[in-house]
């Protein structure tokens, strides 16, 4: 029998990064929608024309109205999530380190986590006032619980062998926490942050439901109540951009802080 | 099936234009959905339903209840409801501009001499000197959403007093009531049955009447989808006829009080099935009587008020400048005032 | 400094793992502990280093720690236990930072232990850039940095391939030759035991008991692979352990 090539059968099942395909799909969808809205088989009641949304965004930026909305929203997002995330990391580390704290707080966190924070907004208005306080509180609480869960999970996942090593060299408790536990938990905490901050952005719209004159969320809600689809989608695009931006910021943090992993 | 047989009947009878003359059975068993809020201001629809005026016109009406006016407009546009009564809001105008909805008549109106919508101050603001609308400068004025009727009223009142106020969007009437009670916002305007109920309980203070600032204000309108207005003339006119009979009964019983005490009590009982149904009759009765405002005869529409509202929306940049009252209103159904 | 195990007995739940183990580790010598898997060798070592407490019996340390000793009982782990986010120098400095030494002295210690373990060129490398053998060299350098009285080596070469193992054994021998240290070396590899041990303690399978302690008089520097004396010793050890290892292998895994 003549010699044959052994057939190759090891292909596939190997995710590879294909640059540009995502952008291509995105552009294609936009062009498709543009065509549909221009041709008329997508009515102006169903979806706005992408170019009109672009024009609305451009007008927003040019008239400076974008900044009157983006400024308060960014402040709320930054202050709220900074409060929530730092408290969440602190308490998450404590839960990870101390059995009593864990026994006491894990059920509480499990009880708070699934509460739709939006439902508590009227209560927050009474507690923290209708102005910025209630908005900070809502975003803080929304980012707080997922951060706790991610943090104590990350602390739990720190290699116990490394901690034993630290103990075997007589390192102090504080040194072990600072030099072994925290850096070891950092990857888990950072990937938890991605989720927490996305939730923060989602809650931004909810936070601006009550008593906000300006803000991207208030702008979207107003556009929704006016059934102004161009502005609605312009607002949604801004939120998406905000999401991409935070994800990118965390990504660059990861690149810098977790260079040891790659 | 209903649609098909009705179309067949219409063809036989020589088209839609002749239908109104043919009387009740022409539209036998036409199913339709009517959007409503559980407010006294929607009483005309409830009366028409309970007293069989819709059935007389051959309309098989089913109510769909909403929490706010805005979603009703969207439901009409999406075809989930056929007819509804609500305030002219920015959303309604936008939907009309997109060719989705049409105003076909007027309903609730402010009228001098009839107790209308009230201007309220929170207790805290009242004590701090907000005893009349003239003192509104710099105060927080509660609205459900930008472009809502509350926004319009607050803006007109502030303009008339020559002051500027800060509008606080709180999405829902319930949220506003909470914020008024706790003093988070300073002022608001609302239909009389809610206003009097709150003031009676000592939760807020009444500091003025909307009618003094916006005379002949066309508060709510009857509207439907542009599709119904253009192509279902028979059905739409039948709806308006039944609605107007309900309105007449309501006005006679509770607004003009020409029908006598017994008729008034009967009317309150009827409305109580829909409004404040969770409260005992004795408590609800007062609120329902308090809330009685004129519902225009024959669904007449005050065009000058509609125009004024449109102009205000435009001046606030809430709707496109190109929108005309013709785009919003189909005036072929109801008389204009 | 020397260590004494005094009648150690230990259980995990109902399971007896160590039964009345007594042993003396003389200063300046390497004691190898061998035994089939699951005989409690590593438990024994952790007790020696104070990472675990025996149910009964005592671990005693006698004599003074040497001058400049920062951590008398110092481990070298099978899995290296290096912090992946610290460089080679950083991993060594980790165990020095808590002692309030001036920076210059820390740097000098690092330089010296890196030189002794032939790692000077890898000072700033991260662990992920190093091979297994290099990682274990770093771990040994880290252990040397605290100038230990006793080194506790827990199967330090088990995770490495045969060639690397051979190289590291030579390194350990030459380190000891330069400056003799006290060590307990736990392994299941008989070749390592006969190359590195001044004494070899043979543990029985679970529950671990001392079966025999064998003295090897041949100096470490003269031992080499393939030496007939060592081969004979290795086969004697294998004889001692064979049946036990077989039985241990056939046991069901507990926990």
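Residue numbering begins at 1 within each chain, and the chains themselves are lettered A, B and C in the order written.
What we mean here is this: contacts are C-beta pairs under 8 Å (C-beta built on N, C-alpha and C of every residue); 3 or more make two chains touch, one makes a residue touch a chain.
Quick caveat: nothing in here was measured; it's all calculated off a predicted structure.
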Closest chain to the centre of mass proxy, which here is the mean CA position:
A
Pair of chains joined by the greatest number of C-beta pairs in contact
A-B
If you average the Cα atoms of subunit A and of subunit B to get two centres, how far apart are those centres in Å?
41
Averaging over Cα atoms per chain, report the distance between subunit B and subunit C in Å.
87
Gap in Å, rounded to a whole number, between the CA centres of subunit C and subunit A:
47
With touch defined as at the start, can you tell me which subunit C residues reach subunit A in the complex?
49, 51, 70-71, 73-75, 77, 79, 81, 83-86, 94-95, 97-98, 126-128, 142, 146
Per the touch rule above, subunit A residues touching subunit C in the complex are 159, 161-162, 164-172, 175, 179-180, 183-184, 258, 260-261
Using the touch definition up top, name the residues of subunit B that touch subunit A in the complex.
70, 73-74, 77, 89-91, 94-95, 98-100, 140, 145-148, 166-171, 175, 178-179, 182, 184-185, 318-319
For the complex, which residues does subunit A have touching subunit B?
43-45, 122, 125-126, 129-130, 209-213, 218, 221-222, 225-228
